[in-house]
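Following this line, the structures themselves.
In the two assemblies presented below, chain A is common to both, partnered first by chain B and then by chain C.
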Partner chain A sequence: MTKSRRRRVSTAIRYAVLTLWAIIAFFPIYWMVATSFKPDTQWFAWPPVYFPEPPTLDNYRNVWFGAEQYAATQYAISSQKPLISLGNSAIIATTSTLLAVLFGSVIAYGVSRHRILSETRMFQLLMLRMIPPIVVVAPLSLYYAAVGLTDTFAGLILIYFLTSLPYAVWMTKSFIDEVPREIEQAAQILGASRWRTIFEIVLPLIRSGLVATFLFILILTWSEYLLALIITKTQVTTVPIELSKYQGSTEGRVYGRQAALSVGITIPLMIVGLIIRKHLARGFSFGMVRR
Partner chain B sequence: MALMAANAAPASTRELSRRRAVRRFKWSILAPLIALIALVLLPVLFLQLYFSFHQWTVYLGSWSEAEFVGLDLFTEVLTDPRFGWAVVRSLAFATGSTIGCFVFGFALAYLMHKPFRGQAVYYAIFILPMLTVPVVVAYTGEMLLYQSGPINDLVTRLSGIEFKPAWLTNPNIALPTVMLLEIWNWTPFSFIIMLAGLAAVPREPLEAAEILGASRWRIFWEVQLPLLRPVIFLALVLRFLEAMAEFPKTWALLQGGPGTATETLPIYIFLTTWQYFEVSKGAAMSYIVMLLMIVIVLVAIRLLRREKRALDAMYGGGAT
Partner chain C sequence: MARIELVNLTKTFGSVVAVKDLSFVIDDGEFVVFVGPSGCGKTTTLRMIAGFEDPSAGEIRIDGRVVNDVEPRDRGLGMVFQTHALFPHKNVAQNIEFGLRMKRIAANERQKRVRDVAEMVRIAHLLDKMPAQCSGGESQRVALARTLVTNPSTFLLDEPLSSLDAKLRRELRAECDRLHQTLKRTFIFVTHDQEEAMTLADRIVVMREGEIEQVGSPMQIYADPVSYFVADFFGSPSMNLVAGEIVREGEGARFRASRFDIPLPPRFKAVPAGRATLGIRPEHVGVRRGHNGSTELPVRLVEPLGKDTLLYFDDGTARAFVAVSEGFDMAEVKPGDRIALSFDPERLYLFREDGKRIG
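Our next item is the complex of A and B:
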């Protein structure tokens, strides 16, 4: 009796703590969504408005579809429409991620089956990711300017490819390690070349792992800020940069507009993240932690 | 005996040709990659070195006109108190937010590691902050934390006490504010890592301790925690490195301000290079920070290598 009561109490405490944290985790996201539906008088009202009344779609119309003239409102010093930068982000993130996963998985196969990189080299590869980009970003921007890569798709794709490669190699390797070798050995005995073995046997076997790796790196690339800030000027701005241009440079707080942009940027990311929620730990730990 | 020797000869040539094929395969992947990395990294590192030793400003036409100044820029950076403070701030920020993320993440993971009703829903909600773009976190943070904003209003209403800290404009709490945002943003990281770790801990030692009548507290400290050590290291080390590099939230929210209150290393380098246009000083600073980070990363990699062995052993044992 006492034992079951104690268990009930501890269950109640657990739910209380978890619910409290769920509120903490969710409230800022709720606030962002709520603000995006508020008319401008409620963005910054006292007391704060917790439920937009009446909810409006004005922010979305203005930000995403340019319903109001930029020049007239002044606070958007944006050089592009957000929809274009959304497209840019999609192109840059998917291309660089695709390349990284393709390249990374072949390297990972080589490491897993033939140790083409020693453990030491594998850890050195991590340095591409672990050294903070800020320490090379100034010479990188000068170098890019000199070779004409500033503000181009190729420039951003190249640097994102390199910085996501460590994740791609390590994460796909953790999947390939789980595939028994017998299958590919059988294929090789039957005369399949190494490349055919990789692309027609091994990689199809870790299909879901490749998708998870792809989506995981997509999340990181999509949110990247510093490199995009330095390398892009006006032509290929990505969405985080576009958002930072809505910092109220003249009028101050334009919360509703920022929130409408933020929602559009974040929702795809959350959907992707929730799809691969089981693989996130593996991704962030470079495949060292599995589930 | 003779038979074996006869067998061994063709086998070893086959082995040799196999090895040659592997080598060919190895370089056909690695060569383009190494070339690409060299093509990007070498000029960048060279430029950084060049600018660290040559005083160059944007007003000079070409790089070659820059004047050679020896180690002057390095002494300038190393005697700059603002740089010293930036180092201190970065280390404090990274340490504080790493510990914060870890404590909350581990606590939540511990509460959730056994199945219960609603687990999947809580899990989904808990990982959402990690899936928010950092710049969005910064702007949403501003919407929440201005002085008469919703956070202060909610706390005042719930506690009944006037609660009005100036989160973003008071220099004494601006850095802790960014730290709080970082903790909100990345607690899910520690949470998912620790949850995966707790799920992978072998059951037998726990059951044995339970049968021996150990208290839950002792089981936690003396059985679970030692088994979790590799995962704990992983969660701490990776988070610390990321926190040292934190730029988007700090920049988008406060640009190092108010005053220099949130001027961490990335922010100070950025300001020096792109606001004060002291490219050479920025380069020298980057160089010093890069060396500092290489030392930190090498230590981190050493730790990770050790813990990865333990992890592999754990998964190797669990899988088969």
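Our next item is the complex of A and C:
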């Protein structure tokens, strides 16, 4: 086999493998979107229906807007209002993520520049995150009940902030380490205070990294289920909790509605991702400061 | 205006002593160059003056005031870094303006001063550019401007030219000199380049292993080195240093090495016999074709430079023995030719085995 031919064959194989992988990876997403447009007769149909015929918006109307004409049907199971849950999730996830990134980056600065935490402490910080949430959730709910944080925004924001702080510290530290110290020292000798140096020089320089960290933590908090399940009840439900209601022993499997809800939950994250994609590529490549 | 005193300054990093009991006074308006090989403690000293490193012992005084516990920004200094350290997310004008903003100077006054200083270092055309769009030389001019505009009492320059190519280096060296003359401020310049030290300094501080080896004007350092180390460090091409021994001969003494046997001038008549190193600068070695009964060495390499010709001789060691001959007189010499050498007796140096100068 000639060299150029060998190269063509290996390219072909590479594309074949990648295509297969892409199909495996994207099929569930496709299936979710397709199902959300299917009338109830096609949810369980065999052979499977790949393209809804005819496509319908009933699932969306029902789950998101609780349309009146569906309220009496067996599928109108939501006593909650998913739009409110979506709002709750948006407030809780973004607030806790912003707090985590803000405090995390300041702590990370201290670690990177002044070693306020030793390497052991840094690992212990990460180990905190390794504790299975299921271990702490019961005791936590006791404390929460005692101090009145159960089923409140503050309660969920606080626990999400604390559990994602280790990630925020670790990720932002790796970006801060990349900023040459001399740039900060230049700012200091020109008269900038330490806080000023952090907020006007260091953080803007790592903004791509901050954005990447933000999205990473946002995804985690957006889809967090266990803690939300235990420490919220009816006042502050988040979207993952909402999602679980469409699949249970009494309701059966309401696939079409669940898919419509899933699509709605996914879209905000995708929009955020698209808005900040310019930063993501740079942020996740860990080397954005030109020396 | 600032007079800077370093009193018994010591800095250790763990078990490593970077600066050892250093005492030195830099006068107001003086251009002092700290020079030495990497790791000699010169940058650490500068960073202690700037306030980025805390001394392990000793004091730093600026105009009589002890500043050990004073933040860098309150010391009234300006610093230019080897890496320029421009703020990559701010354009050139914003970079220069930064220090003025920190001092809460009014916006219109800031603009005027930025423009003035940009013209002074000839970067007015760059004000809207980002640092990433500037070349190395331009970046260093911006860094200079950023420091100049705050009007510091003292300029600290940490190898500011070492990341530039030779031509730019000469150009910015002249710029530094010019600024020092116009501003009449104290300049403390750190470099490992002896040529920069020679051309810029009022006084040179030669450092070695955390200590001051010698302090003096460039001419003193060049003509009167206290040790083998200083003699070897300064001058390009550097001083010829030949290991050998001093032998007594009646009233006088001679220096002998494998290919040398040189009578020492009367001022060395008291030196003790024993192992030593003879030093002579290439420009003080006389060369003549043909035999004259004294030292004669084969040529290894000829380098005609135009104004001078450098002759490298094989003296039996790895390091060639170098002589400078004016003009092209010697340009036709071929490798292998034997040339007679003479040595200006007034310009001979002798160093003891421990590196200290004799006599």
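Assume the second predicted complex is superposed on the first by the 254 of 291 C-alpha atoms of A that agree within 3 Å, B and C clash if a C-alpha of one lies under 4 Å from a C-alpha of the other, contacts with A are read in each partner's own complex, and residues count from 1 in each chain.
Criterion: a residue touches a chain if its C-beta (ideal position, glycine included) is under 8 Å from a C-beta of that chain, and two chains touch if they have at least 3 such contacts.
Predicted model only: the values in this text are computed from it and were never measured.
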Would you sort A:Gln188 into first (chain B), second (chain C), both or neither based on which partner it touches?
second
According to the stated criteria, A:Val9 is in contact with first (chain B), second (chain C), both, or neither; which is it?
neither
Touching A:Leu57 in the superposition: chain B (first), chain C (second), both, neither?
neither
Kindly classify A:Pro204 by the partners it touches after superposition: chain B alone (first), chain C alone (second), both, or neither?
second
According to the contact criterion defined above, which of chain B and chain C contacts more residues of chain A?
B
Touch test for A:Ala145: chain B only (first), chain C only (second), both, or neither?
neither
Answer with first, second, both or neither: which of chain B and chain C does A:Leu20 touch in the superposed model?
neither
Interface residues of chain A shared by chain B and chain C, listed 289-291
Chain B contacts chain A in the complex at 21-22, 25-26, 29-30, 33, 36-37, 40-41, 43-45, 47-48, 51, 63, 104, 107-108, 111-112, 116, 118, 122-137, 139-144, 146, 148-150, 153, 184, 187-189, 192-193, 195-197, 199-200, 231, 234, 238, 241, 244-245, 247-248, 251-252, 265-266, 269-270, 273-274, 279, 282-283, 286-287, 289-290, 293-294, 297, 300-301, 304-305, 307-308, 311, 315, 319
Could you list, by residue number, the parts of chain C that touch chain A in their complex?
50-52, 71-73, 75, 77-79, 81-83, 85-89, 98-99, 102-103, 131-132, 143, 146-147, 150
Provide the residue numbers of chain A that touch chain C in the complex, in ascending order.
180, 182-183, 185-193, 196, 201, 204-205, 289-291
Quick check: in the complex, which residue numbers of chain A touch chain B?
11, 14-15, 17-18, 21-22, 24-29, 31-32, 35, 43-44, 46-48, 50, 103, 106-107, 110, 114, 116-117, 119, 123-124, 126-128, 130-140, 142-143, 158-159, 162, 165, 178, 194, 219, 222-223, 225-226, 230, 239-240, 243-244, 247, 253, 255, 258-259, 262, 265-266, 269-270, 272-274, 277, 280-282, 284-285, 288-291
